[in-house]
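Down below are the structures I want you to see.
Shared between the two complexes below is chain A, which pairs with chain B and chain C, respectively.
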Partner chain A sequence: MSKKSFFSLIICLIFILTIAVGCSQPAPQPAQKDPAAPTGPVVPDKNEIVIGSVSSLSGPLSPIEGAAFGPIRQMWVNDINARGGIYVKEYDKKLPIKLIEYDDTSDIGTMTRLMERLIVEDKVDFIFPPTGTAMLFAAGEVANKHEKLLIGMSGGASEIKQIIAGMPYFFSALNFSDTQMPALVNMMVDQGVESAAIVFIGDLHGVEYSGAAVPQLALAGIDVIYVKSIPPGISDMSSLIREAKAADVDAFLCFAYPDENILALMQSMELGFNPKLFLTGPGGNFGFFRDIFGDQVMEGMMSWGAWNERSSPGSKEFVDKFIPLYGEPMVDWWGHNLYWGALQFFEQAVEKAGTLDNAVVRDIVATEKFDTILGPTWFEGGMLAEECHTGEVGQWQNGKFEVIAPYDKATAKPIYPKPSWPR
Partner chain B sequence: MVLEILDILISGLLNGGIFALIAVGLSMQYGVARVLNVAHGEFIMLGAFFTWTLYTMLKVNPLVSLVICGPIVFVIGYFLHKTLYRRIRLSSESQGAFEGNSMLASFGLLFIIQNLAILRWGSGIKGYSYLNFPVNLGGAMFAANRLVTLLFAVAICIIFYLFLTRTRLGKAIRAAAQDPDAAGLMGVNINQVLALCFGLGALMAGLAGSLLSMSFRVQPTMGLEYTVIAIIVIVLGGLGSIPGSFIGGFILGLVGSIVSHFEPGLSLVAYYVLFMILLLVKPTGILGR
Partner chain C sequence: MNRVALTSKKFLLPGLMIIALILLVTSPSYISAYKVMLLTSILMYIVVSVSWAIFSGPTGYISLASAAFFGVGIYTAAILGRILPLTYVIIIGGLVSVVLALIVGVITLRLKGMYFAIFTFGLVELLKHFLLWWEINITGTRGRFVISVHSETVFYVMIIIFVAVLLTAYLIKHSKYGLALQSIGEYEEAAEHIGINVTMVKIATFAISSFFIGSAGAIIATRWTYVDPYIAFNPIFSFMPVLMSIFGGLGQLFGPVLGAAFFAYLEESLITKFPYHYMLIFGIILVVAILYLPDGLIGLAKKWKKGSLSSGLVELLQKRQKGRKEV
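So, the complex of A and B:
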């Protein structure tokens, strides 16, 4: 074989091998549609948003739970599900809410254990807050550890402001003494109140409110006759009431819970103590107070809050929806519109996030502004902005809980002095 | 000064009357039926809720409710003993074992009754106004409803004491309290008597609940605080002693009133301090054996 023929054979062989190798590879085909395959990007499958709730369904805190956030939580879930759910872009559909509820029996240890269980074992997407101030503080730690968004509802204290900076996943929707007390004291000064007696429950709530009231009243020139602590479950406050009556104080401020406030009001009537200004909080803000004592007794009674159906168009809509379901005695004229507004805010935050990732939703809650029952609503430093509050102090007038302070949010002028107890 | 002392004394008597009534009921259940019924307060709660329901829905006078609510709670207590505690008693190896087992069962009963009440009436606070006006007693002002409560509590306790001391059934109960086995041998139907005692204890609690509802809030979780007070009073008065419980109730009421006059926050503390001192100094109580 000549040298020329050998090279021709090698070239032909390479050519044939090249063609053969080329033929062994599948030729590029035009894409064919598989009817079973999803179109576009892969969408994870999820049919519901699971929200976990640990609250005090039994035990000493159950009356507050039943009157404050409990009915709002239930109504919101039903309302969302009636509308088909919350649209979540990540899943490209509306997802209804599935609520997993546990009872902490008003025990803080049980609450933290069950909250851990919700997050770790039940793997809920979001969590709802427990009942009461101390519970919220503890739940905030758990939520933050697991990076779960927690918007506090019933309960809390101004002290939250100091610790909330270290808990980026914890937000608070309720207003406290830092915005309420200045509004109350200002109104008291304008009405000519000269003296006050203060009774407070010996826990974080009472200590905070009395601690805020005493210096502010003193600075305003109102004489504080006495400041007395009472324990939870006290069964006789007659000595305190007699002392206030003997001193003929203008204002009687009872910073305790409904149990103690009912007793204070009953014994004041029984002992004929009728101060010109009588504030009970939390207590007088609940519809059940009016249900127990009637309009005549409640006329002129003050409490924290505050809102009513005239506070905003959304408030009227909320009242029209809530009262047929639960009844007027179940309305909390301090917190209910704040809780409902916060949940409307949360719904919009999830929609905007387009995901159930708590970190993403948390960032939106911290930075965005949405329209709710409260009007434009936003959080500042973890707290619901003061501008979103519909009022700070309320007063029963003709069977309605009117907002009386601050004046720019008032729905009525204060009645001072309050009328005498009915005979 | 005189007015202040009068205030303290009458306040103490007003609280003491209701403490006595509650404690006499628990004394029957523990002193005779040997059941340390920690759910005693739940029967008080039931009495209060029945009265509240009758008053708010049917406008039944709370004092009339006493004759309706008391028997209802009695029947509940009677059948509870017949069905639950009797079986525990028969299956327990000794008296000590029965007391332990029955106390554990009472804890369960506490939660069952409380949660049933939450399901029926909700967890919220209820109440109503009745005789809610001041009455002047020698210059000191007191609520009319509390004075009525005191009068009824004392009257109920006296009637009950007369029942125990003057009737044949009362004699059987006292015999069962002293020695159930011997009473049984003497022809006393011991199971019947023990169930009756438990029912009577529940009856007293129900009546106390009805009276309390006139001047205090009503809620499903209200019972435990009264159970604690009743336990302190029966220890103070002497376990199993009806007169002791009656006197003990008034002593505790007066102690609470005196302490509360100077520092209202310490009245509960005073009850517990008194309880601990008694356990150390005179564990048998004032009239205990």
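So, the complex of A and C:
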């Protein structure tokens, strides 16, 4: 009994300590005056730009966070700080970035609460976006309410266009079905695809992509054999694959996430279903996805995107910087160059604004054009302009993710039909 | 003990509670906006945990339907938030949960033990996938925006629900229904034989407790701003009240309150201080608490009051000193 009591006391102490830690606030650092700075009574001195980030470091969204925007965020902060920071005219000096990171545990309630904490309690200068579409939509509301600039990265949907119209502080860097689907359908028609089967995950992403694909394929004269939804975490897709095999479809389009796409590919191989065109996205655009199956299996597999080091000189520089830090399997051949380009854009917008005032920076983001790894870059109606996309559809060819559509941005011609599964 | 002492003791607890309530209500004037949001979140967890404990505490029926009631409240706010005043939305959120609880109760409260727990958890999944099907096939989308309400309004509404659930829990516990629930938990067949309408008592209590969870879901949805079936029917809201209540101590009314408050505050502190390690720390604390606090925080507090904790520690120290001397 005494042992139990002792441990009870320890638990009590842990609680008291934890609460003490929770209550304690870091003492404010006294602002150091830069002797070179001009003396002006208006703006208090500042030694760093504080950026707050709430993202899914744990929970179901954490794999996406770890593979998509997470490494880019960290790399960009390190890159800026290695260069001494961002020059802000208002303070007449370069300000390094201090990143405050919180984990929303993939829970939207925690995300909105911590996002507001960053803004009202931590008083960050800027905020980084959370992970995933629903999180992004909710964060857009919070950011707009507090008039904080929010550039959405990993996540979103074409629906965002209507949302952004009512949220002037919300921008989006990723490309979606509205630009990807026409490029895919056009390429399918040119390759002579006659029939397709569509499987989509029962969420906003899947609903949107299947909703965009069905009418466009029908309009292009491609026969849609079936359109079926699957729940997240599905463990058996064999009946869907057998049905597609029995119908002998030319194209199998799986609008789902990495886990479901891995399953679809594995079971297609097991059941000997080898369509001429096989698209998995998102998932197939990651280097790790290719490494799971190997170059031979992935030869000819398509996914959304797209870019590679030949998309632009800046893309090559980015790859040369990213791969030594994180490795080639960690590259996201859909979003990474867009995220990096958007952050380069943001840096230049702050420099041009010469202030950390979000309203001023927001106006510059909405109206200006800057050079980034994407080439001349700008936002149109809150969305990254289509002209800035380096590609819409990609295909694995000899272990490389090649841009195959649209043709004016392609780095290789499509392989159609795709090779049979290796024995 | 003289009359003055008795009278002062009689009024001490209600007096303290009123002071605490006044402090809570006036807190937005002296704490930061974020702390108000944190308090709202803590109150939400208390409401869900106490509601869960109203039924599951005395009867021993482990209900995992909390996430279903909570999700129903959330979707009520998402659907009706733009067309009805907030008060109606919150009340309707609670009432829809009551209707759901009545239906589920009639069907399932004849089930016992693990079967009841599994069925109630299945209900969460059923509603989630039904809504998903509905949104995809009927409305053609999945997520919904919820009209945003000022954080202080959410806070005050949550305080009202919090007070209401505490009062309800207190009144049920100290009424004949409370005794009936207790007897059902101890020996259901015997309770039936002494004339208690077991099914009616169980269903009524289950439905009453669901009202507060639904209302809490309806008001908190206005802070989440965007919801979909996965967000609304998150199974975590089925397990959290169970964990929080056990953590606080199931036997007493104050147990789930204490458990939920500690749990929610602890989680928030750890998330913000140790974003990369909080799960590990949280897990260790939970394991230790389950192993060494079988009666929850309330049990610990009782031991402390009786002095067994300090005497135990003294005993332990004496034993160690004795051991050293022997060495």
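Assume the second predicted complex is superposed on the first by the 380 of 423 C-alpha atoms of A that agree within 3 Å, B and C clash if a C-alpha of one lies under 4 Å from a C-alpha of the other, contacts with A are read in each partner's own complex, and residues count from 1 in each chain.
The definition used in the following text is that a contact is a pair of C-beta atoms (placed from the backbone, for glycine too) under 8 Å apart; a residue touches a chain by one contact, two chains touch by 3 or more.
Fair warning: this is a prediction, and the values are worked out from it, not measured in the lab.
Undergrad: Let me test your reading of the model: by the given contact rule, A:Ala366 touches which partner, first (chain B), second (chain C), both or neither?
TA: A:Ala366 contacts neither chain B nor chain C.
Undergrad: Classify the contacts of A:Ser229 with the two partner chains as first (chain B alone), second (chain C alone), both, or neither.
TA: both
Undergrad: Touching A:Leu240, do we find chain B (first), chain C (second), both, or neither?
TA: After superposing on A, A:Leu240 lies in contact with chain B but is clear of chain C.
Undergrad: With both complexes overlaid on chain A, does A:Met266 touch chain B (first), chain C (second), both or neither?
TA: A:Met266: touches chain B, not chain C.
Undergrad: With both complexes superposed on chain A, which partner does A:Asp203 reach: first (chain B), second (chain C), both or neither?
TA: Second partner only, chain C.
Undergrad: In the superposed arrangement, does A:Ala67 touch chain B (first), chain C (second), both or neither?
TA: After superposing on A, A:Ala67 lies in contact with chain B but is clear of chain C.
Undergrad: Which partner does A:Leu57 contact after superposing on A: first (chain B), second (chain C), both, neither?
TA: both
Undergrad: Looking at A:Ile323, would you say it contacts chain B, chain C, both, or neither? Reply first, second, both or neither.
TA: A:Ile323 contacts neither chain B nor chain C.
Undergrad: Once the shared chain is lined up, is A:Glu101 touching chain B (first), chain C (second), both, or neither of them?
TA: Once the two structures are laid over each other on A, A:Glu101 reaches chain C alone.
Undergrad: For chain A, which residues belong to both interfaces, chain B and chain C?
TA: Common interface on chain A, chain B vs chain C: 57-58, 202, 229, 231.
Undergrad: Would you tell me which residues of chain B are touching chain A in their complex?
TA: 7, 11, 15, 111, 114-115, 118, 122-129, 132-134, 141-146, 215-217, 219-221, 225, 256-257, 260-261, 264-265, 267-268
Undergrad: Using the touch definition from the top, list the residues of chain C that touch chain A in their complex.
TA: 32-35, 37-38, 41, 129, 132-133, 136, 140-143, 145, 148, 151, 220, 223-228, 230-231, 234, 236, 262, 265-266, 268-273, 275-276, 278-279, 285, 288-289, 291-293, 300, 303, 308-309, 312-313, 315-316, 319
Undergrad: Flag every residue of chain A that touches chain C in the complex, lowest number first.
TA: Per the touch definition, chain A meets chain C at residues 1-12, 14-15, 18-19, 21-22, 57-58, 101-103, 105, 107-110, 112-114, 116-117, 120-121, 133-134, 137-138, 141-142, 145, 159, 163, 202-204, 207, 211, 229, 231-232.
Undergrad: Contact residues on chain A for chain B in the complex?
TA: It is residues 57-60, 62-63, 65-67, 70, 202, 228-231, 233-240, 242, 258-259, 262-263, 266-267, 269-272, 288, 292-294, 297, 329-330, 423 of chain A that touch chain B.
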